[in-house]
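The following pair of complexes shares a single chain, chain A, combined with chain B in the former and chain C in the latter.
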Partner chain A sequence: MGPLIDALPFSYTVSVIALGAAVLGLTAGVLGTLAVLRQRTLVGDALAHATLPGVCVAFIATGAKDASTLLIGAGAFGLIGALLVVGLERSGRTRPDAAIGVMLSSFFALGIVLLTYIGSLNESGQAGLESYLFGQAAGLVERDVTIMAVLGLGALAVVAALFRPLKSTLFDIDHAAAGGLPVRALEVVMTALLVVAIVIGVRTVGAILMVAMLVVPAAAARQLTGRLAGVLVLAGLIGATVGVTGALLSAQSGLPTGPVIVLVGFLVVLACLLLAPGRGVLWRARKLARDRRRLLVEGVLIDLETALHGGPPPTQRELALASGRPRRALRRALRDLERTGALARDGERIYLSESGAASVHAVLERRDLWSAWLEHGWRLELPDAREPDPRDLRASLGDEHADRLRALAAEARS
Partner chain B sequence: MSSDLVILLTAGLTATACGLLGPFLVLRRNALMSDAVAHAVLPGIVVAYLIFQTRAPLPIVAGAAVFGIICVLGIDALRSTGLVKWDAAIALVFPALFALGVIGISTYATGVHLDLDSTIYGEIAFAPFLSLDVLGAELPRTVVLGGAAVVANLAFVALLWRKLKTTSFDPQYAQAVDVSPARLSRMLLVAVAITAVISFESVGAILVVALLIVPAAAAHLLTDRLTAMIAITVAIGWVSAIGGLSFASAADASIAGMMGVVAAGCFVLALLAGPRYGLAARAIRRRRAGRRARVALGAAGEGGAAA
Partner chain C sequence: MSADEVPLHSGGGAPALEVRRLTVSYETRPVLWDVDASFPTGALSAIVGPNGAGKSTLLRAALGLIPADAGQALVQGHPARAALDRVAFVPQRDAVDWDFPITVREVVEMGRYPVRGWLRRLTGEDRAIVDDALERVGMGPFARRQIGRLSGGQRQRVFIARALARQAPVMLLDEPFAGIDARTEATLLDLLRELRAEGRSIVVVHHDLGTVRASFDWALVLNVRAVACGPVSEVIVPQTLRRAYGTDAVEDGAEAEELRWVR
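Showing the complex of A and B:
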């Protein structure tokens, strides 16, 4: 760790904190993804709460306050909690959400009892343990970070080694089981990895908010890519970035570390949910608005062509009456067309310019081709089951098939 | 009133208020939503303190209710985008709101007499020292508030009894006769938010979850009837209050935490020894059924051999 700490452009303490937060974010991001994709995020919440009595028991048993002993206690209780949650869910009567809720609050209550009990024993004993509630990055020392890094690297190595079987289990557990994979064992491995991530993070983020560190990177990364390997790598990077940013902000402001990291993470997720290309809420809204506008403009072009076909060039009013479109929509479409140079005006009257006539032709041809595809597409006997793009059928089918489709349509018409 | 009695009444009334709502949360699979809402009221409390500079109950209840609603609507909104699953939506929204509250408390704590410890496990031991002026009579504040919460929740459950029952047991039928399960769930969660904030001073915003879920889950193991389930839940709540109080003073630990631990003990007892759904009862039933089957098979085998 030494050289790495020296290489960072911060003071020694800040470098240790930043490194610790990076390790925590990286592991929580990657390992949390496994839980989020199985919809077991809140089990992670219960396990994080279960580590609190573990820390206290380890303290009472050994009297030690060094992080590694306490983390062994946290890990042991995390595993016990995981076993109990699964056992309770399988016991039949208690539903999964109640099982998680019961475990979470029982362990947490036990943790509070032990914490206050330790506090009543001596004045100074509790001071270190309280940071396991809301997290404290400031107390990290180099040795802690080394332990965290070793644990984290081990867990990541397990994920890398078991990548393929984990992937099958995550996406289709029945298929994976039928294919001979030991899915039960793999689920146990994933839960154990979750416990490792929580043990690494709980001191810095705190038991109550640890769940956010598991879900934030996964939820953000999932918006940016659809491939599991991509999600895992991105989640690790996002987790590390969020962790370092939050830990440094908290160290600077003196606020508890967990809440600051969580708020930074929430903002990142929010940005991804809104803006992610192809998926984000605002991205989709903009695409929808554009598609609607394009359809409107094409429709008005065809209306105009129809009107010109049947008589003299119409005025805007006449066009509105003939097409039955709302005035405002028509005005907007005409403005768009005018800007692209598709319109020509003769006083009040509107007709198509040469480029306008060409685009009407293109639109009509495209629409004809699409109806031909719907009616005769099956006769093309395409070599693959592709789903063509309705906006540009010719490009997605290829010229050869498109021409044949037109021939088929013409044949059927005659 | 002696101070022990005040503490006991506070604990018992809080457990009762929670016990009236808990069974519905467990039956409707809303247990984790109630956990989320209980966390999310914290910023509401802080904001109310900051705006009104008072510990008067009404503004704080209002602030908590607002943030409870924000939490529920936020989770619904995230789910409805289809971009994250329900569990991730819960796990994104409530930590963010709770973090906001914790930061608010750490930043402004000196001005508002709030601290993080009381957020988590309340300060029920101080209950006898706080009083509230009600119609000229000096009454212990937490007992009055707890009583108000019990009355409010009782009224809520009594008024919406049929609707709550229908939507809990048969949401599809309820939807068909125009009773929206989603709307009732939201109303229930607002009631949870208000209960959580009233319990805030006594058991803290987080341990209130233990009183909401654990006794109700235990009662769910013991009975199939809703009224019986509510009665058992409230009874377990009082057992937790009494047990929590005595064990906590013996061990010199948090009373609220000990109440949660006693409730958890009741749950374990119900899980092991419940008459119908308990693990022991089921194991015995399984063995009896196995023996009967073996006897029947043996008889059939002998009969076959004789023939």
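Showing the complex of A and C:
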């Protein structure tokens, strides 16, 4: 760790904290993703809470306050919690979420009772242990970070080595089992890895909020990519970034580390949910609004063409009456059409310009083609699973099929 | 042994899939009761029966995905658990999370993992097989698409491509035609017939007696117990259907079936 710490542009203490937070964020991000994809995030939460009594029992048993002894206790109780959750679920007596709720609160209650008991033993004895509730980055020393790094890298190496079996099990457990994969064992491995991630992080982030470090990076990364390898790598990077930012902020401000890290993570997830290209909420909303606007404009074009076909150019009021569209929508569509030069006006009266007539023609042709697809599409016997796009059928079918479709429709009409 | 080395007919005279005295229970209620059935090599076979008849359970128990109380399953004459490399399984579509971060191509590649070895990298040969499987189900143009953005029919095509990539002599499909469009169903049925012509043995859990009558060779009529098992023309007949579906339902059901058959 020494050379790494020297290489960072911070003081020694801050460098240790930053490194520790990076290791914990990276590990929790990657291993948490496995839990999120199995829809087992609440199990992660229960296991994190279960580590608290583990830390207390380890302290009572040994009297030692060094992190590694206490973390062994945390890990042991995490595993016991995992076994109990799985056992309760498999018993079939309770639903999984109820089983998890029971375990989570019971372990946490036991932890609080033990913490209070330790406090009553000795005034100064408890000092330090309560930091396992909300997390404390400031107390990290170089030796802790070394242990965290060894554990974390080991866990990541397991994920890398078992990547394909894990991916297969996560995606389709029946198919994986039918292919001869020991899926139960792999599930145990994933739960054990989850415990490792929690043990690494619990001292810095705290038992209550540890679940956020497991979920936040996965949720953010999932918005940015559609491939498992990508999600794992990005979740690791996001976890590390969030961890370091939060830990440094907390160390400077004296605020508890867990909450600060989690709030930073929340901002990252929020940004990804809103802004992720192609998947983000804002991105989709914009696309939806555009599509709707385009449909509206095309509809108004056809309304206008129909009105012109049946009589003199209508006024805006007449067009609204004839089409039955809300005034505001009509006004907007006409404004859009005017801007593209599709309209011409004669006082109050509206008619189509030359380019407007051309776009009406194009829209009508697209609609005809779509009707022809609905009626005769099956006769094309498309060779593959391609899907027709109602917005642009010609492009999605290809010219050859589109022409055949028109021929089929014409044949049927005659 | 890798699947390409398994000759399609290596079971000798043994059936592609056989279950003997198979009994499976959930809690204490048996969902399969003492079922004997066999599905011949090189045939397109169906497992039919009413809802809750244990059709899917039979496939899953045969593959060892759920424990059986009694009985055994044989694939080409070998105990099924030891012969998994001869079987390609297509589970029900709704069993997986379709928002999973994975592309169409990656799903099909999973069909190669057990053949190549779970920890090995795929080779150029594997990639060619994956390409070929995608082409055969008509999903070539969608290889890079995220699976969440597929229709139900396209998802089924992907699942079948994954089974094709497995290149196993026996293929077991669980309700592949439930809730998919007619065009996909026709395409996939053609594909299954092609596979049969290549000598593969195919067993499909299916609910539409009309298609079974029209396109399948062999059928097991199941309702917890095996009602009948044999060539379609002998098995999909009013007497056995009445026994499987229950008397009242049958009169209506049979009429409805007749209507569908003459269409």
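Operating definition for what follows: the second predicted complex is superposed on the first by the 410 of 414 C-alpha atoms of A that agree within 3 Å, B and C clash if a C-alpha of one lies under 4 Å from a C-alpha of the other, contacts with A are read in each partner's own complex, and residues count from 1 in each chain.
Here, a residue touches a chain if its C-beta (ideal position, glycine included) is under 8 Å from a C-beta of that chain, and two chains touch if they have at least 3 such contacts.
These numbers come from a predicted model, not from an experiment.
Peer 1: Which of the two, chain B or chain C, is in touch with more residues of chain A?
Peer 2: More residues of chain A are touched by B.
Peer 1: Figure out whether A:Pro383 sits in contact with chain B (first) or chain C (second), or with both, or with neither.
Peer 2: It touches chain C, and chain B stays clear.
Peer 1: Quick check for you: in the superposed arrangement, does A:Gly180 touch first (chain B), second (chain C), both or neither?
Peer 2: second
Peer 1: Can A:Val36 be said to touch chain B (first), chain C (second), both, or neither?
Peer 2: After superposing on A, A:Val36 lies in contact with chain B but is clear of chain C.
Peer 1: Could you say whether A:Ala395 touches chain B, chain C, both of them, or neither, answering first, second, both or neither?
Peer 2: neither
Peer 1: After the superposition on A, what does A:Ile112 contact: first (chain B), second (chain C), both or neither?
Peer 2: A:Ile112 contacts chain B only, not chain C.
Peer 1: Does chain B (first) or chain C (second) touch A:Arg227, or do both, or does neither?
Peer 2: second
Peer 1: Have a look at where A:Asp172 lands relative to chain B and chain C in the superposition and call it first, second, both or neither.
Peer 2: second
Peer 1: Can A:Arg164 be said to touch chain B (first), chain C (second), both, or neither?
Peer 2: After superposing on A, A:Arg164 lies in contact with chain C but is clear of chain B.
Peer 1: Determine where on chain A the residues touched by chain B overlap those touched by chain C, and list them.
Peer 2: Touching chain B and chain C on chain A: residues 39, 222.
Peer 1: Could you pull out which chain A residues touch chain B in their complex?
Peer 2: Touch list, chain A to chain B: 36, 39-42, 44-45, 88, 91-95, 97-102, 104-106, 108-117, 120, 133-134, 208-209, 211-212, 214-216, 218-219, 222-223, 255-256, 258-260, 262-263, 266, 269, 273, 276, 279-281.
Peer 1: How about chain B: which of its residues touch chain A in the complex?
Peer 2: Residue list for chain B touching chain A: 26, 29-32, 34-35, 39, 78, 81, 83-88, 90-92, 95-96, 98-100, 102-103, 106-107, 116, 120-121, 206-207, 209-210, 213-214, 216-217, 220-221, 248, 251-254, 256-261, 263-264, 267, 271, 277, 279, 282.
Peer 1: Which part of chain A faces chain C closely enough to touch in the complex?
Peer 2: On the chain A side, the touching residues are 37, 39, 161-162, 164-165, 167-168, 170-172, 174-181, 222, 225-228, 230-231, 378, 382-387.
Peer 1: Could you please specify the touching residues of chain C with respect to chain A in the complex?
Peer 2: 60, 63-65, 84-85, 87, 89, 91, 95-97, 100-103, 106-107, 110, 113-114, 118-119, 137-142, 146, 148, 151, 153-154, 157, 162, 166, 182-184, 187
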